[in-house]
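Listed after this line are the structures, all set down as structure tokens.
Each of the next two complexes has chain A plus one other chain: chain B in the first, chain C in the second.
Our next item is the complex of A and B:
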């Protein structure tokens, strides 16, 4: 039962976190200067119109009542209505979310593909030249500010060498029918290789901006935990069995190092949703981040708060998934469930 | 002196005593570790042999260098520098390349470690961990699993077949130590090095594990080097005992003789410190002081500051090796050349 109990503990924590976030968003709505009804009704509305809007939105009710109504709306998935487009915020977010997810997935894949082999080789040859060089690269990569990195990539790849487009989603006229909302996947579904490569070319630079700090952090943690496991008592018997260094690293140190690494990856991927505000804006991409940035620019309060709520939910969910994966990787917890079931 | 006479009468002189065919021969083995300021000698010119099927105990306090010596025989610790010769089955282990040494481990020599709680990979099943020794040598998955099962059965792990797919945390300390033993034995080595194999276990489990080790070593005529600080567990197990103090072997003899007629004052002190059921004493004797750190060994005989029999010569001259009439190999001025 330990297994189920731990998962339900994580679930309860997630719900509590989201409740806290919703409360914070509600307080922000109340604290923002200006009359909410006035904002909702529009700048040119008459006092009668403002009053009727206030009544329609329940703004004449006591604050506590308003808070409960707000929570109920959140539970129903109603994140409010955009003042600019008059569409529900959720609908707008749902339209741009796949593009952000596509970016995050590619960034995580690139980051993992860079970090894992580097960490494995560095830990195997600890203290050797490769270890030193990769550590310097990791520190440098982790220290580069995202906005600077984005501009440099655009400058060199897009402007100087002209390998990739500078910004956007796909070239004019090359666009596959929208099925998933992810240009690369849509192109693949349509069997359009040209479209796929085109969308990929637009996607690669922003993905690299996310992937570099991601890889740097994952590399550092993975290398450190690999070395920790390799130095532990557990490895002496493995060595005494006649295991080669590569076997010790891959079969024993790596699985044992995966637990903390997956947790960190969850946190980092969650953080990407926040980082999307900058990256998507710089690369002029559709997405949750650029939606949020645009809403701020347009002073669309409900859209901003709805998007904040949405980003918070996304971060919590990614962390929850990482936690559950971590729990499932560990037989000490996984096994507890089976034994309870056998009784 | 009654006991002495009985034991010394009819003792075959050491030189002509029948010894089993040599399996391991350690000559002038020294182990150094480079620290930031200096080179520290952990083990100093140690020589000994182990015959086929012979059970030898290496006894000493913690810090005496016994575990370092044990690990050196399999070259497990890559941070220390080894010099001298370690002949195993006709091969000089210290001259092998790291790759050749890897091939020796597990197959020709196995090793068991002190703490079964931390000796196993928590994420790998028992069956896979035992079979790994064979899988490394390219034995098929199926055969390796079967042989792992056979060894676990031999070690009397109950319901071994069902438990092959269990994880270490589902086993008790004694059971885990059997699994660790199985990992070392499944490759059918000629020599098993057991480094404090029962120290982390409670007394009754200790006894059972030692009995198993005894039984298996007899059945397979497996040579065992038992490293321990506990003379109590040595008595019923070992054919021969070596006593180590501060990186040197100070006394070596057949187990029965060493227990009956300890020669070196340190050995005597150790034996007097073992509680016995057959004698009532008011207070258990102990050796005063603590063993020296390897970096700060006293001059002459390293034991002299703690020795009741210390003479002037002990503080300046390191005693050489002497063979006493009882066949003990001793390093002590009490048995000097004169």
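Our next item is the complex of A and C:
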């Protein structure tokens, strides 16, 4: 029952967070310079047309009424309409979301594969050269501007050495039927190995750009937690019974260090959606991030704010899932710690 | 037998390693460069020189020239004040907001504390870069918008950490003493509790500068921060992106400048953190 209570507390917090975000977005919409109805009606609309659009959008109502209507629209999943394409923001985002998810999944896998062995070795040989060097590499990796790293990798691997494709999602003519919206998965579903490898080649560089800071942060936290567990009293009997170093690290320290690491990975994966704005733009990939960046470039403020709302919801849900996983991994976890897991 | 009475507590020695002194030295040098950069840079970095466009790095132009024939090295030097000081300004602004929120939460009645901390929780769980992008878009693209947007989204972590520390400081005997002496509530907070709680933020500031510099450059790169032809580093990368295939150094150089600054401050944060918590030491 304690689980249910904690999870429902966490759900209430998520709902409050989304309400806070919706309020913020509403305030921002009201702060946009220029007349909302004029923008919606388009340039060159007559005053009568503007007035009728204002009436249709409920802009002639008191602000409080508008705010309530806005919240109701959000509840129905209406994130507004793009002024440029005249399509609902939600429809456009739903079409490109799988592409972003595909990128995030591969990035987290690469990052985890780099970070875990490095942290295990660094913690085992604490104070040795490997530990010192990896610490500096991790700090450096965490301080790389993602968009710049993306540009440099793209230039050298794509333009100069021609190892990977430069930008896009798949080569011309090699494209599987769109089922899931993820080019790699679509190719697999169609049984098309050539298409799969092709899509992977386009995916690898952007995934590496995300994986580097991800690996750096996971490495630092995991190493610190491993050292903490290895120094704790519970390791005394393990050491006394003569367990080997590798057994101490892998069987005893690692399971006890996983919790904070899983929590952090949740936060970092949520944060990738923000980073996608920069990285997807550089690699010209379809996705939530490049949608946001394009809307900024086109000065489509309503689409920007709708996408901000969408990303906020996505990040809150990722955090929620990470917290529930943390909770299920550790029955000891309780109230304050549980809430702190959100960040 | 003589009895030696200690006259004063022996001074604690800092004992910095060569590595730590190097990092401190680099950080000081970066600040000095930002201070004097715009003064020592030649004036022609703001004007076009169409005879010298897109020159590769050479003895005359150490980092080459951009599409307007402007010397990239000197533009970086001149722009370091914009990039570093704007970053520091963002951190100062949101630290002030964080301090105000933490102080109100500590002195205020329980419901104020509860309300402010719930708002802080909400702020913590929102993606900072995305919300900043929204705010900066609404304010209109400029470096000022970027600074305001990041200041408005950066404060929750500071508020959260500071409030916890201030609560602990409140329990200390010297605060009790000051209260018994009849120090007013406001004075107690501003003169005693707040200054004695700030040291938790010092480690955080170094890391924050590193992180904020990356986000601020990112906002300029998307186009909602500083605008070309400003020599702000993110804007320089954004401007040079279009001709990267013929002059890659115009993108590589400003990025390297950002990396040097961000890494220096991240290493500083790492050193300070290990000094506070030696169990992390390598």
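What we mean here is this: the second predicted complex is superposed on the first by the 332 of 343 C-alpha atoms of A that agree within 3 Å, B and C clash if a C-alpha of one lies under 4 Å from a C-alpha of the other, contacts with A are read in each partner's own complex, and residues count from 1 in each chain.
Basically, contacts are C-beta pairs under 8 Å (C-beta built on N, C-alpha and C of every residue); 3 or more make two chains touch, one makes a residue touch a chain.
Being a predicted model, the structure only gives us computed values, none of them experimental.
Enquirer: Mind checking chain B and chain C on superposed chain A, clash or fit?
Expert: fit
Enquirer: Where does A:242 make contact in the superposed view: on chain B (first), on chain C (second), on both, or on neither?
Expert: A:242 sits against chain B, while chain C stays out of touch.
Enquirer: For A:143, decide between first (touching chain B), second (touching chain C), both and neither.
Expert: second
Enquirer: Answer with first, second, both or neither: which of chain B and chain C does A:234 touch in the superposed model?
Expert: Once the two structures are laid over each other on A, A:234 reaches chain B alone.
Enquirer: Once the shared chain is lined up, is A:32 touching chain B (first), chain C (second), both, or neither of them?
Expert: After superposition on chain A, A:32 lies in contact with chain C alone.
Enquirer: Classify the contacts of A:159 with the two partner chains as first (chain B alone), second (chain C alone), both, or neither.
Expert: Touch partner of A:159: chain C, not chain B.
Enquirer: With the C-alpha centre of chain A at the apex, what angle separates the C-alpha centres of chain B and chain C, reported to the nearest 10°?
Expert: Placing chain A at the corner, the angle measures out to 80 degrees.
Enquirer: If you count the residues of chain A that each partner touches, which comes out higher, chain B or chain C?
Expert: C
Enquirer: Which partner does A:319 reach: the first (chain B), the second (chain C), both, or neither?
Expert: second
Enquirer: Note down the smallest distance between any C-alpha of chain B and any C-alpha of chain C in the overlay, whole angstrom.
Expert: Minimum over all C-alpha pairs: 11 Å.
Enquirer: Need the overlap of the two footprints on chain A, from chain B and from chain C, as residue ranges.
Expert: Common to the two interfaces on chain A: residues 339.
Enquirer: Name, in rising order, each residue of chain A that touches chain C in their complex.
Expert: 13, 16-17, 20-21, 24-25, 28, 31-33, 126-127, 131-132, 135-136, 139-140, 142-149, 151-152, 155, 159, 224, 227-228, 231, 270-271, 273-275, 277-278, 281, 292-293, 296-297, 299, 301, 304-305, 307-308, 311-312, 315-316, 319, 339, 342-343
Enquirer: Applying the document's contact rule, which stretches of chain B touch chain A when the two form their complex?
Expert: Going by the criterion above, the answer is residues 71, 74, 76, 102-107, 110-113, 115, 118-124, 132-133, 136-137, 166-167, 169-170, 180, 183-184, 187.
Enquirer: Chain B touches which residues of chain A in the complex?
Expert: Listed in rising order, the residues of chain A that touch chain B are 232-234, 236-244, 247, 251-252, 255-256, 329-332, 335, 339.
Enquirer: Touching chain A in the complex: which residues of chain C?
Expert: Answer in residue numbers: 118-119, 121-131, 133-135, 137-138, 140, 157, 210, 214, 217-218, 221-224, 234, 237, 241, 244-245, 248, 251-252, 255, 258-259, 262-263, 265-267, 270, 279-282.
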